[in-house]
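In the two assemblies presented below, chain A is common to both, partnered first by chain B and then by chain C.
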Partner chain A sequence: MTLLLDILTAVGILMIVVLGLAVVLGVLDVINLAHTGFMAVGVYAAVVAHEQGWPFWAGVVAGALASAAAGLVVEVLVIRRLYDRPLETILATWGISLIIIQLLTLGFGHNNQAAGQPLKTATSVLGTPYPTYRLLLIGVAAVLVLGLAVLIRYTRVGLTVRMVQANQDLARGLGIRVAFIRATTFVVGCALAGFAGALLGPTQAINPNYALSLVATAFLAVLLAGRRLSGLVAGCVILGTVQILFGRWFNPVYSSTVVIAVAVVLLRIRPEGLIWRRA
Partner chain B sequence: MARPTRRGWRFAAAIVASTTAALALSACGGSSSAGSSDSSGSYKVGFVLQLSGPGSVYADTSQAGHKAAIDDVNKNNTAGTKFVSDVADAGADAQSATTACNRLIQQDKVQAIVAFVPGPQLLACNTVASRRNIPLLSLSSGAGNICAANLTSFGLVPNQQTLPIMDELLGQGKKSWYFFGGDYATPKATIGLAKDYLTAHGGTVAGESYEPTGTADFSQDITTIVNAHPDVAFLNVVGNDDVALQKQWAADPRTQGITRVDILLGEGAAHALGDAANGIWSSSAYFSSVEGSGNDDFKKQVKAAGLDGEPDINSYISYIQIEALANAVKKGGTDGTKVINALQSTKIDGPIGPFQIKDAFSFQNEYLAEAQADGSFTIQKKSDPIEPQLACSH
Partner chain C sequence: MASRLTVRRSSLIGAVVAVLVFVVLGAVGSDYDTGLLTTAFVYGIAAVSLDLVWGFVGAPDLGHALWFGIGALTVGALTTTTDSTGLVVSVQGGALRYTVAIILGMVIAAALAGVVGRFSFSAKGSSFYIAVVTLALTTAATTLYSQFPTVTGGENGLFGFNPIAVDARTWYFVALGALTVITAGALLLVRSDVGLLLRAVRDNETRTRYLGYNVENVKTVTFMGGAALAAFAGGLLALITGLVSADLFSFVFATQMLVWVAVGGRGTIIGPVVGAIGLQLAGARLSADFPTQWSLFQGLLFVLVVVFVPDGILPPLTRLAGRLLHRGAPAGERTIVADPALPPERPTTSPVISVSDLRFGYGSLRVLRGVDLQVNRGELLCIVGPNGAGKSTLVSVLADGNLRAEGAIHYELGTHTSHRRRPAYRIARYGVSRKFQAPQLFASLSAAETILLARRGGRLPSFWRRTSTIPVSPAVLDVLDATGLTRRDNEKGTALAHGLKQGLEIAAAVSSRPQVLLLDEPTAGLTHNERAVVGQVLQRLVQGGMTIILIEHDLDFVNEIADRVVVLHEGRIIEDGTPAEVSRSDVVREAYLGTVA
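== the complex of A and B ==
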């Protein structure tokens, strides 16, 4: 049972980290190398909220809002000028991540920061005690995925976003405000990054280089997704499961290498992504 | 509203690119001088440390100790000449450290280098420093594996830091130990000697495993350790990994009843952990909670040097290095060989008592302490100095 819960936790954390990245890449074709920077903005907002005595969950919301605001500034000043130029967006978002790291260092120093630690209890799952907060992370990941799926599949907003994703010129011709949809999508992606950053703060070291070790696998999962939410879920499940099982049954030192190898093989077999429809 | 021209976009892009490049350069290879801009007749010290990358988490405390010591030796004229500090970023790899040390020596003409970097970066820096017979003062000794004629190591080697705490906990009847570490040389050397010591003193090894640096999720490792049912979990990972591991450990109810030992845990990380640090045993040559007027004065000095919070072992060592160097310069002048010889047999009074270097390695008392819920440490025992167990010789 513990093994299953460890796998679910790993998959859940990966999903939480990867969603903002996938939204921005899937709709905007922007590989957001500043994703960790926006996660850091989120967790530092939560740290400030914690210092002000706010409840933990208010800090998480503050983290999402702070990253959304930062994302809006970045979109207006930089990203909107670089759509359809993927190489330039990679360079620009990498630069933005450096700027964010430096600004956080100037503001807070290099040191690790303290954040709130909610739900310091255990919950029994079929007789197996497991940290409640980790179980909560699994639940949050599931809610986020389901919410996003419903939004994309069953709402007018989702329909509009899918239209922009499929054919921007046609969408523009139909009166859809493409620039607004793009900006909103980028801001939502950044808000999800900030939410993830604040939510994972109780399990990670919080300093200006926050989350760097979380995103390597996340980028692989996005590549495996093939621009589909179901592909993203499948990618996270496969990579998270491989990471935990190899570490448990063989040697954790090599599990990251094995995860990369699995991703490379899967991309070789299915370059369009794990789940895709033939045109 | 008129749309910006192509030239306008290019200008904006150039602004963004130049800002980014400037920030990147400041992050990866910048330097700054502390002290007078007129350094003629003064003794110039290069201070190379990680100001960027994951290792930069120790930068603030070590810089504060360094600056406090520079201020102190200049105020008291300890060296007989003015000390000027030149700070350089070692980045996160050996190549960046080589570049930083090259510039300090060849361009800035420093007369000694204080290196606050891990073993591989220390070796890289020393390839440059040893050619010019530049005294090199380090925190790390690469687990006692790095020796060089110009090198003086101020940090403890693994046997000095590990064995006293093992004696203490074995004496408490905690016989079964699980060893978990980062997958690189120093933890492996530390765990290797700890396992031998444990079995030679009636203990048993419940298990041993490692994770690569940069691991974010330790749930499977915690499960493995818990399933081995040890009395003690000896957790030997560093930096961000250490904080993440300890947070996840403390949040896991299955770990209750297992004593944690983390000899790399200092005040900064413990404060960030808060009550997740509660009960962790650590051992070090310095804790800010060591009582005494000398330590009180030291804490005031590092606070005046800009440290927001308690000093830690990094503040202490970076302070001691400059005090020792000042004494060596007083004895040896600017002659590199004389300064090196004086450094390698340092005997000075430090903030918490006598500090001694024997044959280029640190030889000092060890404090065993237990972290509290507020991130402070309660000193449990002070042990006598232990001869360093080295894997190299000069």
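== the complex of A and C ==
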């Protein structure tokens, strides 16, 4: 039972991390390598909030807002100029991630920080005690995914975004402010990153290299998704499960390497993503 | 010719002067400075290796430090013995052991790069893969490094295994020599004919594939070469310093390499070397006192260069220098000449491609719904039909066996007879040449260079020779003449006017001397006169024995030139006959106008 819950939390954490990344990739065709950087911005905002004596959840909101603000600056200064050069955005965001890490080091030093520890209790799930906070993460992941699915599928906002994604010139011709939609999407992606960063603060070591251990798995999961939410879920489930099971049965240190190998092989078999519309 | 020689000579003189300056510095410079430069030279080699991978075949290797680290670790691991905690207890040196270790490191790096390349480069996959996969590998490598202390030395790394007999000044000259030789070799490679192929892959993979080249292999082999070269640099640095640690594998170091290449100017070989040496010298003092600020500065520099000067600093500088010295003429012009030695295309009569019950769709959209078609040798077959009838799809399925269509396609192409579905580059090599609907040319290749690659039809060009005259069959010259491309050999393909682009596309498609030519709307966007000229050219090609399948909308044009017309409507062939027969057909009129006349 603990194993199952471990897998569920691993998948949930992965989903929370990956969602902002997937939104940016899906709509803008930009792999945001600075994603973990924005997560770090989020968690450091939560750290500051914690030091000011704010409640934990206010810190999470502050994290999302701080990342959104940072994302807006980055979009206006850099990303906006690179939309027609997708491969360059990879490099630019990689540079930005370096900049963020160094700025955080300058501001806060190398040492680990604390962002507070909410819900220290354990809840019994079918007789197995499990940390309540980790259970909560599973719930948050589910709500986020469902919310995004509904947003994209059934709302006017989702329709507009899908139009920009499918054909930006046509969308522009129909009076949609493409530049605005793109900027908003990027900022939302960054806000999700900050939210994820702050939310995962209690489960990770908080230093300027925050979440770098998650980065490889997260990016691979996004590639596996192939622009579809169902693919994203499938990718996270597969990689999360592999990570936990391998770690449990063999050696947890190698599990990140195994995850990469599994993802690379899957990408070779299904280069367009795990799930696509069948003929 | 004269200007070309001056440009070449001036850059050669510049390079010799630079090397000489460094030689003199090596003799008179302080120990501190030469020590710094020694490392910088080794980094220069790493920068060249990354430039080959990223600047030439366009694969952004975000984890290039991995290969460098593998080279260094192999040298360290083979020359030391450690206790169980990873502390070095004894060192086994010796020239032979060092040499074997360096070579082994290069082999391991190349082998791993081969596996990674095989998995990451694919026709369908996104070009992001390689970036993400290399990044992931780097993070995995740094994790694994600490797990095998008996091999890697763990947290402390390995140390003290450098040959004691060699003094620092000797290493300076060894590093300088290695950098000079490798840079010269890399320059020779990228300026040779094969260098064109590398740039073609970077600029437009799809088009390169349809010229008959196995793009994935080109990328993988270049990737392996870059990895081996980086491993050599790593091994050399390990020999010089006698140190290996996880830092050499880290993404921080990998990012530094990216910065050298981006700032210096990717795709120039010299630029990355200048970038590596320059930043290493500038950063040496700063990074000791202000490591965080220096990293921050590098990050800012990187982003600024990527956004505002994607070519890097060297290309604008050389352009400026060229203008100042009145030597603006581009180096190394190529000319297209007639080759009377080539025999005319062989005339034949039997069917070349037969298609039966071909079905294909994108998702739920059925595009081809059972096409039966026989293409005869030496005919000019026009495929017409309303928009969305499946014309372009039919041509795509004929030219690329990776599109999974149901039904049978049989190729009868002289030496190659096949029922099997082959990847696009194989079909191109069999002698099926394709021109796309919209011109697809290479941003950094001139007209002559495009023709050079096209006419080799997938055979690997020379790795060192730089062909300056390109012999082509009379048919190609005919196309170039007719479309007004004569004497524009050295203009970049993408900078040509639309009509000339179409002409160059047709010329490129013809120059591999194909048996079958697939042309998707070669006259789209051309004026009436240009159109007539293209029509005559096509008729002359057919008289020369070529088979042409042509997609066309202009029915008057079709009636003028076609031997046979096939009408495609809603994924089926509804009429097949001479132009006169087809234009009389009621079925066709109904398909186009929607009513029975």
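What we mean here is this: the second predicted complex is superposed on the first by the 276 of 279 C-alpha atoms of A that agree within 3 Å, B and C clash if a C-alpha of one lies under 4 Å from a C-alpha of the other, contacts with A are read in each partner's own complex, and residues count from 1 in each chain.
We take it that contacts are C-beta pairs under 8 Å (C-beta built on N, C-alpha and C of every residue); 3 or more make two chains touch, one makes a residue touch a chain.
Keep in mind the model is a prediction, meaning the values are calculated, not measured.
With the two structures aligned on chain A, chain B clashes with chain C. Looking at the shared chain after the overlay, A:V78 reaches both chain B and chain C.
After overlaying the two complexes on the shared chain, residue contacts for A:T9 are found with chain B alone; chain C is out of touch. Once the two complexes are laid over each other on the shared chain, residue contacts for A:R268 go to chain C alone; chain B is not touched.
Touch criterion met: A:I260 reaches chain C, while chain B stays clear of it. Of the two partner chains placed by superposition, only chain C is touched by A:I31; chain B is not. Of the two partner chains placed around the shared chain by superposition, neither chain B nor chain C is touched by A:V60.
Applying the stated contact rule after C-alpha superposition, one finds that A:Q102 touches each of chain B and chain C. Of the two partner chains placed around the shared chain by superposition, chain B is the only one that A:G247 touches, whereas chain C remains out of contact. Of the two partner chains placed around the shared chain by superposition, chain B and chain C are both touched by A:A92.
Overlaying the two complexes on chain A leaves one chain B stretch of 114-122, 222-230 or 240-248 clashing with chain C, which is 114-122. The residues of chain A shared by its contacts with chain B and with chain C are 78, 81, 88, 91-92, 94-96, 98-99, 101-102, 105, 212-213, 253, 256. The touching residues of chain C, when paired with chain A in their complex, are 58, 60, 62, 116, 118-120, 122, 124-129, 131-133, 135-137, 139-140, 143-144, 147, 255, 258, 262, 292-293, 295-296, 298-300, 302-303, 306-307, 310, 361-364. Listing the residues of chain B that touch chain A in their complex gives 9, 12-13, 16-17, 19-21, 23-24, 26-27, 51, 53-54, 56-61, 183, 209-212, 214-217, 219-221, 223-224, 239-244, 247-248, 250-254, 268-269, 271-276, 308-309, 375. The residues of chain A lying in touch with chain B in their complex are 2-3, 6, 9-10, 13, 77-78, 81, 88, 91-92, 94-96, 98-99, 101-102, 105, 109-114, 117, 120-122, 129, 131, 133-134, 202-209, 211-214, 243-244, 247-248, 252-253, 256. Looking at the complex, you find that chain A touches chain C at residues 31, 33, 78, 81-82, 85-88, 90-92, 94-96, 98-99, 101-103, 105-106, 212-213, 215-217, 219-220, 223, 253-254, 256-257, 260, 263-265, 267-268, 271-272, 277-279.
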